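Next up, some structures in structure tokens.
Two complexes follow with chain A in common, the first pairing it with chain B and the second with chain C.
On to the complex of A and B.
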């Protein structure tokens, strides 16, 4: 350790790990993980989100889980809330869809309309 | 980088450790493993959250769910419900953390935390104290870097002086001034100086220093290094009591990690400044919290004070200029360097800046640690944060300053707490212990308790403290035994003023305070003991008698059977009688009586 830059490097490296415990207004990705969600395959979806957020080093995103949202037939369901915006609900999410949701919605702010609730069956 | 979707924080402070948090941690580890969650969920052993009353405490992020009094069996439910399925286990949530509409409040919005302002405790319960990286992530060692690379030693001292920081160990001496005195002594490689940290927290009921050391040890190390730079010292010592094993272990881990990173040792941040820290264990003598006795003890001598002046800033440890500050004082230093003197001086009252940590104990609902801006009233601390007195009892007094302080009665509840106000009220800040007493506490007995403590802890070097406090205790014992005489109060006051004027160190000089302040505030209770041979609170056993009301007694014989001394006589179905000569006032009969026929007077 010789300089502030060295210190800053450790700080940045660790910040990712403690980020959850800091107060911040960020994007929330919430995966429905009640029995219905888990049975429909929510866990691989959750893991895919974590991996994607991780890969892109999206510091401002929390990936969390919640209980049953009430429309079990549409599980796995994922709710994404960007700061200051309305919640967007995705249904029948699969790990394969995750990368596109993260890229288009979480990063670029354009919800993937063909996956959101109400669009199913039409696509 | 590894990303975790959830963090489980398990309190590893002494309070929660003694209520079983280590077992909880092991259980979590095992269950996370079983559920294959170890890659998603991070388990952190933190320092104290402050709400020790509700321990063991577990907090789960990102929800910020505050689980209190978690039992080992509950861990299974938290894992299967909350962590696997994302359903918060509301039955285990701390009662104050659930809003009226049944949503979970953020931690900072809980009543207990809302009025608090955490500066010294800012990292306690947030970071893993055994991981230097987490400390650095929360701006750790930035203040040291700033001091070494951007500030001169004079700048550092000026900043601390301007901030208005005063010693948190009790005396309230301006910290910057203390540093300046040492800094003015000749400086250079040939002039050895020392920086010491007083972590010999001995006041009954005070545990804020322990919490800082357990929850944020690096904050103390960093501040000591800054002090070393300011005064020109290359060696520091932390004097910590051996009764704090968790604090000692975390300090040792912290020192080792800081050395590995080069944050302690030679040429810190590539500058000419070198500094190292050693830990010295105290053997549990209260007097070693006194600065000169503490330094004697570090030197390997008997823990006895020496006369001042010269003050330690000029001639201290090993005869060299020494800065000695308390743990909590150091815990403020880095924040002042980082945020500036004005930021710190904006908090608090005119002469007492910043915040103060108080250890709430005694008859209070939320036993634990609170940190509030100076100038917060006793009422806010005791009622709004502390949650008031349990069992609907009436508040009687609050004892501040431990064995050196005094009692403040009801009419002083609105006193804004700072150094000068407490002294004006006949007590003192002390290290920040706050013991709340209700109507069931006898003030004479309280005074006797504290004096008994100081008599035990007097080192015996000077006569006023060794003999004077003992004579006072004898008088108090007599009063509690119902043998008080006219003139006892005057004798106590006379002894007290002589001891205060002539004792060698702070221990003796302040030992009479609990007696003096209780005489001042509760003279009527003393007089009831002395002249009426009566203890109004019903505590002093020798002044009590247990009586059976013949009208209520059904003659069930239960009391006679539980009486350990056979003091109760009477036939079945006839009123019983207690022989006052045989009665040892244990109260067993009163507890057992189903008819409420026994009372104490």
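On to the complex of A and C.
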């Protein structure tokens, strides 16, 4: 028996498809904005990405938010997906790091390895 | 959280996650009574009576990545620490209302911080829906920003467009400044 509760699942499945289509269209920058992210400084990071993308007139880049990515101690975390490439996760992002990430990774396709997850704590 | 505006950003995310189509944030200072009241009201899916009772526990959350959720507990702790309280009323299918009161002059009350940045972050992250309504009130003066009122004239463009965000930022800053200026 169908119920109204089915609609939520249908909506979510459809939403994922829409998001996937968007990924194919261009680059996605996703900032973790759960309690952990916000407390660690995600708000200025999100706004810095919007500003940098606008400054460089990058029309194929979408800046969006997500909930908790799961490693709260490494927040603010940002996931960047270039079309056809694997997701790259940046950790402990600050507004100061944003310009370099946009220039080197989003524009020129070279991830800034020293800010990527796994590199934190190594000098 | 170093700013009340960051708590607001965080708690409004709960409303967004609850599937709200309309979220109203009211911030009201009453200097005569020395109170600050923050109300976050949404028409999301709401919570059962049991969930309302337990939601202030850090060990209750709907997130799936971790078993702790600190948004509401931290806000409640702050309200109680500042001579106020947090009240939650919710009805499944109808929505949730959080009402926090604070003693405005309490030494432990963090600054409001940047409501402009909080509003911009919310609008940029949720450019098409839900609609956000912000009411900022102090001693009889009031500023209202409502995304539903800007969509029609913009022909329903996503509000994350840089030019639109810039306009919203300035509009909000001016409105808040005007209300604060009279104090």
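One rule holds in what follows: the second predicted complex is superposed on the first by the 99 of 123 C-alpha atoms of A that agree within 3 Å, B and C clash if a C-alpha of one lies under 4 Å from a C-alpha of the other, contacts with A are read in each partner's own complex, and residues count from 1 in each chain.
The working rule: a residue touches a chain if its C-beta (ideal position, glycine included) is under 8 Å from a C-beta of that chain, and two chains touch if they have at least 3 such contacts.
Remember, it's a predicted structure, so these values are computed and weren't measured experimentally.
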**Prompt:** First (chain B), second (chain C), both or neither: which does A:109 touch?
**Reply:** neither
**Prompt:** Looking at the overlay, what does A:83 touch: chain B (first), chain C (second), both, or neither?
**Reply:** neither
**Request:** Please indicate which partner A:47 is in contact with in the superposed arrangement: first for chain B, second for chain C, both, or neither.
**Result:** both
**Asked** After superposition on the shared chain, which partner residues are touched by A:38: those of chain B (first), chain C (second), both, or neither?
**Response** both
**Item:** Residue contacts on chain A - larger count, chain B or chain C
**Value:** B
**Item:** First (chain B), second (chain C), both or neither touched by A:64
**Value:** both
**Item:** chain B/chain C common contact set on chain A
**Value:** 31, 33-35, 38, 46-47, 50, 53-54, 63-65, 67
**Residue ranges of chain B touching chain A (in the complex, touch as defined)** = 1-7, 9, 40, 42, 61-63, 84-87, 108, 126-127, 133-134, 136-139, 141-142, 145, 149, 261-263, 268-270
**Asked** Once bound in the complex, which stretches of chain C touch chain A?
**Response** 1, 6, 9-10, 13, 17, 19, 63, 65-66, 69-71, 74, 117-118, 120-121, 124-126, 160, 162, 165
**Interfacial residue positions of chain A with respect to chain C in the complex** = 8, 31, 33-36, 38-39, 43-44, 46-47, 50, 53-54, 63-65, 67-70, 72
**Request:** Would you pull the chain A residues touching chain B in the complex into a rising list?
**Result:** 1-4, 7, 10-11, 13-18, 20-21, 23, 28, 31-35, 38, 46-47, 50, 53-54, 57, 62-67
